[in-house]
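A, B, C and D are the chain letters, set down in written order, and residue numbers restart from 1 in every chain.
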Amino acid sequence: MEFIVLLVTPLLGALILGAFGARRWAPDANVGFSLVTFLSACALTSRVVAHGNLSVAHEQFFIDAFNVFLVALTAFVGLTTSLFSRPYMRIEADHGRVSGGQQRLYHSMYQLFMATMLIALTTNNMGLMWVAMEAATLSTVLLVTLYRTPASLEAGWKYFILCGVGISQALFGTILMYFAAEKVLGSEGVSALLWTHLNAVKGELEPSVLGLAFVFLLVGYGTKVGLAPLHNWLPDAHAEGPTPISAVLSGLLLNVAMYAVVRCKVLVEGSLHSSLPGRMLMGFGLLSVVLAAFLLWRQRDVKRLFAYSSIEHMGIIAFAFGMGGPVANFAALLHMTVHSLTKSSIFFAVGHATQKAGTQIMDDIRGLITLSPTVGWGLMMGTLAILGTPPFGVFASEFLILTTAMKQQPWATPILLLALGVAFAAIFGRVQSMVFGETTAKRLPHPPALIPVFAHLGLVLMLGFFIPPYLADWYRAAARLIGGE
Amino acid sequence: MVGVAGLLRPWSIGFVGRTLFPLGALIGAALAVVAAIALDHPAEQLILPIGLPDLPAHLRRDGLSSVFLLLLGAASAGISIFAAGYFRRGEGTSPGLICLQYHLFLASMGFVLLADDAYAFMLAWETMALSSYFLVTTQHRIPEIRRAGFLYLVMAHLGAIAILLCFGILQGGSWRFTFEAMRAAHLSADGATVAFCLALIGFGAKAGLVPLHVWLPEAHPAAPSPVSALMSGVMLEVALYGMIRVGFDLLGFPLWWWGLLPLSLGLFSALYGVVFAAVQTDMKRLLAYSSIENIGIMFTGLGLAMVFAGVGMRSIAALTLIAVMYHALNHAVMKSLLFLGTGAVLHATGERNLGHLGGLIHRMPWVAWLTLIGVLAIAGLPPLNGFVSEWLLLQSFLLAYQVPHPFINMLLPLGAALLALAAALAAYVMVKFYGVIFLGQPREKTLQQAHDAGVAERLGLGLLAFGCLLLGFFPSTIISMLSIVTQQLGLGGLPANNAPWWLFVPIPERQSSYAPLVFFAVILAVVALAIYGVRLFYHQRIRRGAAWDCGFGGLNSRMQDTAEGFGQPIRHLFQPLFAVVRHVPDPFDTKPTYRLEIYDRIWLGLYQPLDPLVRRVAGKVAWLQQGRIANYLLYSFVTLVVLLALML
Amino acid sequence: MNAFDWTVQLLGILLALGAAPVLLGWVNKCRAWLQNKSAPSILQPYRGIRKLFYKDAVIAQNASRLFRLAPYVVFGAMVTAAAVIPSVATRLPITRAADAIALVGLLATARVFLSLAAMDVGTAFGTLGARREMMIGFLAEPALLVVIFVVSLTCATTALPIIAERLSAQSFALNPSLAFTAIAFTMVLLAENARIPIDNPATHLELTMIHEALLLEYSARHLALMEWAAALKLFNYACIGFAVFIPWGLATSDAPMGLALSVVVLCIKLTLAGAALALIETLSAKLRVFRAPEFLASAFLFAVLGLLVRLLLGA
Amino acid sequence: MTMHPLSWDLQVLNMLAALLLLLSFAMLSQRRIVALVDLLALQGALLCIATLLLAWRTGNNHLYISAALTLGLKVIFLPWLLHRLIRRLGVYWDTEPLLNITGTMLVGVLVVIFAFGLAQPISALASTATRNSIGIAVAVILIAFLTMITRRKAMSQVVGFLSMENGLFFGAMSATYGMPMVVELGVALDVLVAMLVLGVFFFQIREQFDSLDLKNFESLREDQ
């Protein structure tokens, strides 16, 4: 029941807002739908936590510890982002940067995007997952190009082509997987595509085929995760779209893609009995971390800056999943959570900052803290959190990941640390000069919505000090699910 | 118990306002007392249900942490009272926020001292760095201060990374990150060595050990004075605590030659710091460099203690370690006192540049006389406290010839010579510091309006000055307290001796003794007698007149030595250490000016090049991203092909 | 620690107080002889001090209390030093109160106060003097300390009386390390007591003076105390030298006979030392102030060499 | 399995497969965009026939539906849409590809070899009659990839994208007689939507830059 609501609400929202998205109340409606989604997600979560796994519609949909927590996260961030986008879009509309049509598009696509992500998370059918992922891409392409500026068009185009191509590889990977599964599960019905069934028989699946399948899937979904060197669409898309979209792209879409990759990895590792997939993930992870860390030094645009930091963190997560094992998986899940919370809150703060300063170029943003302390501190705290300074939760996960890395991949630890140090200097130097100092910017017509920012940061802080036992068990369950042994 | 006291501290953050500082001071004093009482109790543990799920936060109070808690509490008590008066005038961030950050800083330092597992330690450690960073950047409108803060935080972060790695090695395969596990772990010699070096880097970076010191002279002057006092007086000692904790507690008994690293680095820092202090023109920078010197002295002692412990001369190692901790206590008190003094001066005159100060002893007698105590103490003059620890350190240095390693035992006593040199230079620096600020004629007209510090500030200064005397006069008591720690660390305490309580004889068989009280009494007696005698036998007429000055007339304030002038001999003697830029006037200047800029060679040579280097690499990496979609597609294509090839 | 000890101690102090100006007078007399001048009376320093005590004190307007306190502190420090140094006997109550290192610290205290007082009035010469004094100090002090280290390595203690006892206990032996250190010590003594070649006590030549520049603003009783303290300083250094290098003749017990004897010995030693000092001063030329650091650095290095030799040869 | 001369339909199927490969090579070398679209349509048609044949041969019905989808989408609608766009936007020629034709062809050949090698293990397992053409499918995909890499006009990139889609479809069919219906429909829908989005896109691009040349799309970069 909750599940139906969960999926139907955003779709419905997409339709309605598609019709009336330009109305004055549209942003509030947007919030309303997101709220309903979030509540149903909570209900679903509590149910799964209470009664264990749950599968709907002839197993087409399947919810276990792993994806339910991502569902909850997605719904939550979706809600807060919609809260944030209320004043944001109003201000944009006042500045005349978006027309009524564009607002309609924005709101309906926003809901559609949520829907596709939720489907991608909850579906049990690899094919359907693919469809949903593609749909997620398509629904955001037009949001990236919302402003119709040359840069945004370019970004949108790159986003479209690179992700499109990538996702096609994923499709072929899915086909191969189906092909291998069919040998075992028989071609009638769709059971050969259902993850649960595949997972049950993963030991018998033909390794060679699955290996190839994994490569295609990795490259395909990896493109969406933004693993170097497939990451090139990411900074552009983040920088040029409206900030709420950057927030959800960074905070959610990447997670979802990562989720897909991990699901596949579980199957493949089960059949290959080799650590090759894991090592591939680690390789991608390290490469991303290092590349991103150095590219951070080239940034002038604040949103690009944080886009690259997203790449870096996705790299860390990929590395952790690649290492595998309960602790690493636990840490990776934790890191997914804290990263999406922190990063989205950062984008909220950045959104207001850019609107105040009227630019995204960092050299032109100064003295936020004097102009509006809340935004300034929000950005500062968020940045420190994302840089992995205690007492924020990011530190907790990075601590676990690093210590596990020392244990399992000692050679990789120095590389990681070096990259982290470089990234620290790069990001912090820039943010400090934005937050502190004298200011030039002006006040804004609409009060900034900072509840989301501090709600997120509060959660992250809490996770740094103390991870509630039930949450910990939940993570452990998920980690066990992924880690196999 | 102390854990509870430590835990209580954050609560005081709750309500915002200036009234909190006295409360913080009270808690500080309470903490000091509790720590002093708890010192000889056995270690006690406390596990809090916070932190990571598998690793709840362990807190543990043993002798070592009590000593440093005592230090923290005592110093912070004085500083907080001072701060209560100091932050009256708003600067940069709002007082409430400062208050919060300030107490967070204190609390995190308390937790660092109590933490008993890697996670809790790192948590507290980084919180300490962060809160202090925010305090440093209180006046964030000034670019230099922003730069200083940035440098500070980056160095702190790198140090933290090193410490994290060190813990990663220390757990020695048990993969449990509590300190017990680390104590229990058996490391290979190499592993232990690496861990030790990492710890030295990590804690050295925080303590400002040369060459990791670059942030210190930038950050300490930038902060508001009470914060500078806390950073110099307490935070650096907390770093020292970390070093002792790792070196003597977690690593078990060190290899003897490890000691040579901190020993040599420490000696170098001591000389380097004091020499740079001598040429500074900014009073807070001067003090910052003098902090580097003192940290150098402490690390020297630490290294020496390690050498002794390594070769099995336990009791002497204990003596040396005691000297180190004693010096930590002293430095906490006297450096805080001096920084607060500068703070008062800064508030009264708005000047940090020595070139514009002078003659303040007339305008602000309280500050002047109280600061004088600190100056004499830090110059290492008997019978004040600074002398005692240096005396102890020299004593233990003189025992180093017994080290059973042929060449080393010849070199070690030389350390004593260098230490003596550093101490003498410190006196030079302090005479410059005090003389230029408080004595002579005011170098600016505005100084005439300078006013003495408020009551709260006087009280704070007074407390710390009193601490100097206390620590100076009762060495035997302090030592017996500190020897508890060394016993708990397994070094054994000091040999019992039957000397009377006022006589201080650390090593009976050597009969080297020191009795500050008698000493002081005699001086007092003589002075009193002299004054009395003069009054008795002769008149005491006094006439005030113009200064004689060999009959040169027209004396004005510009004829006194400037700070640069006073440092000139040192600059000449240690020329190679400095990178000096002179701005000499040409003969036809109507208003000739002569300016001198002195740079730190280490900064120029070691740190300056880093930034361009990283940028260059970044530039190389950026070549990958030329914005051409075809290339990007090519990347995906190649990746795909390569991975497929891997799979086949 | 009985009353007898205390009386002896007190007498020792008084002896020092009394003998110090005489020693100064003696040195000056010898110098005059060596330079074929008609020598002033050996009691000349006393006369000077007495005269100064009678005068009215004139103090610069902007002199602070520190300025007036300093002379007493310096004087006090010097007297305490005299009490600590085993000039006559080694078993005295106060001698235990400070070992050699503390003694050096005490002398440093005196120096610091002297310099601070000199800076207090804020005249060009005052600050100049203070700077030079500290410059001399920061090189002379470690040199002196190292000298003491060497001896302490030989005697396994830093307590001056015990050093004297242990040294006098062993028969005279050629001791290379002590030779080095003796040279270093002499150089330090010259520098610290404002003698040629570092400073010339006889002149007020602006550019070269050090000690006189410090006292420039003092007058009357303050000046008297300063002068007396300076004399005491010379006396103290001499006694340190005796205790470290030629301890023989010191009374190690409190038998009255021994004490009387050691007083006589002390007088002889002082006479010779004074003559030697005068000789050195006459034979050597005043160094430029800029050369002073080199002079003292070499003193420091000599001391360090002594240390190394000591450790190398074990003698 | 027992050796016997291939039945005529299989011969036809292999023939078609070969033609598909040939077509994708043609696309790789073709520079007139209109012709490119026609080739795409042709490819779609071949795909459709192949599907029908398979449907008739194996007699599982959902292949008919997918054949119909192919016909509707890839043979009729998309080419029509693209032609319309070409006419509206007036882009007829692609400029010289980044790599000259012969070079591209050479790489193409290498890619084909690689693809066959890749397909070996898969075909070995496959029970379908068309298993041998899996290699061709992979080749088609990779060559389409190559096409996208070498082209400078947005339009021709899209064509390459679609032919990659064809390759995928063909691969699915020859490996497993197509995916389950749900997925087929989903895929088709996505492709459709993608194309529509593209249509919108092109016009937006046209508003901003007066051409669809990708050299306009090189402003977001890090190397300057």
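Assume a residue touches a chain if its C-beta (ideal position, glycine included) is under 8 Å from a C-beta of that chain, and two chains touch if they have at least 3 such contacts.
Model, not experiment: these values are computed from the prediction.
Of all chains, the one whose Cα centroid sits at the greatest distance from that of chain B is D. Across A-D and B-D, the chain pair carrying more C-beta contacts is A-D. Rounded to whole angstrom, the centroid-to-centroid distance between chain A and chain C, based on C-alpha atoms, equals 79 Å.
The centroid of the Cα atoms in chain A and the matching centroid in chain D are 31 Å apart. Annotation: 102 Å between the Cα-based centres of chain C and chain D. For this pair, chain B with chain D, the centres built from the Cα atoms lie 71 Å apart. Within chain D, residues 118, 145, 148, 157, 217-220, 222 each touch two or more of the remaining chains. Each of residues 157-158, 161, 165, 212, 295, 298 in chain A touches at least two other chains. Taken residue by residue, chain C touches two or more other chains at no position, since every residue touches fewer.
All chain pairs that count as touching, in label order, are A-B, A-D, B-C, B-D. Within the complex, the chain C residues that touch chain B are 53-54, 56-62, 64, 66, 72-73, 75-77, 79-80, 83, 94, 96-99, 101-102, 105-106, 108-109, 111-112, 115-116, 119-128, 130-131, 134-135, 137-139, 141-142, 145-146, 149, 152-153, 156-159, 162, 204, 206, 216-217, 219, 221, 225, 290, 293, 297, 300, 303-304, 307-308, 311-312. On the side of chain B, the complex with chain C involves touching residues 358-359, 361-362, 372, 376, 379-382, 387, 391, 394-395, 398, 401, 409-410, 413-414, 416-417, 420-421, 423-425, 427-428, 430-432, 434-436, 439-441, 503, 509-515, 518-519, 522-524, 526-527, 530-531, 534, 537-550, 552, 555, 557, 559-561, 565-566, 568-570, 572-573.
Those residues of chain A whose C-beta lies close enough to touch chain D in the complex are 60, 125, 127-128, 130-131, 134-135, 138, 141-142, 145, 148-151, 153-158, 160-161, 164-165, 168, 171-172, 174-176, 178-180, 182-183, 187, 189-190, 192-193, 206, 208-209, 212, 235-236, 239-240, 295, 298. Chain D makes touch with chain A in their complex at residues 118, 121-122, 125-127, 138, 141, 145, 148, 154, 157, 161, 164-165, 168, 171-172, 175-177, 179-180, 182-183, 186-187, 189-190, 193-194, 197-198, 200-201, 204-205, 207-209, 216-220, 222. Contact residues of chain B toward chain A in the complex are 49-53, 119, 122-123, 125-127, 129-130, 137, 140-141, 143, 146, 149-150, 153-154, 157-158, 161, 164-165, 168-169, 175, 177, 614-615, 617-619, 621-622, 624-625, 629, 632-633, 635-636, 639-640, 643-644, 646-647.
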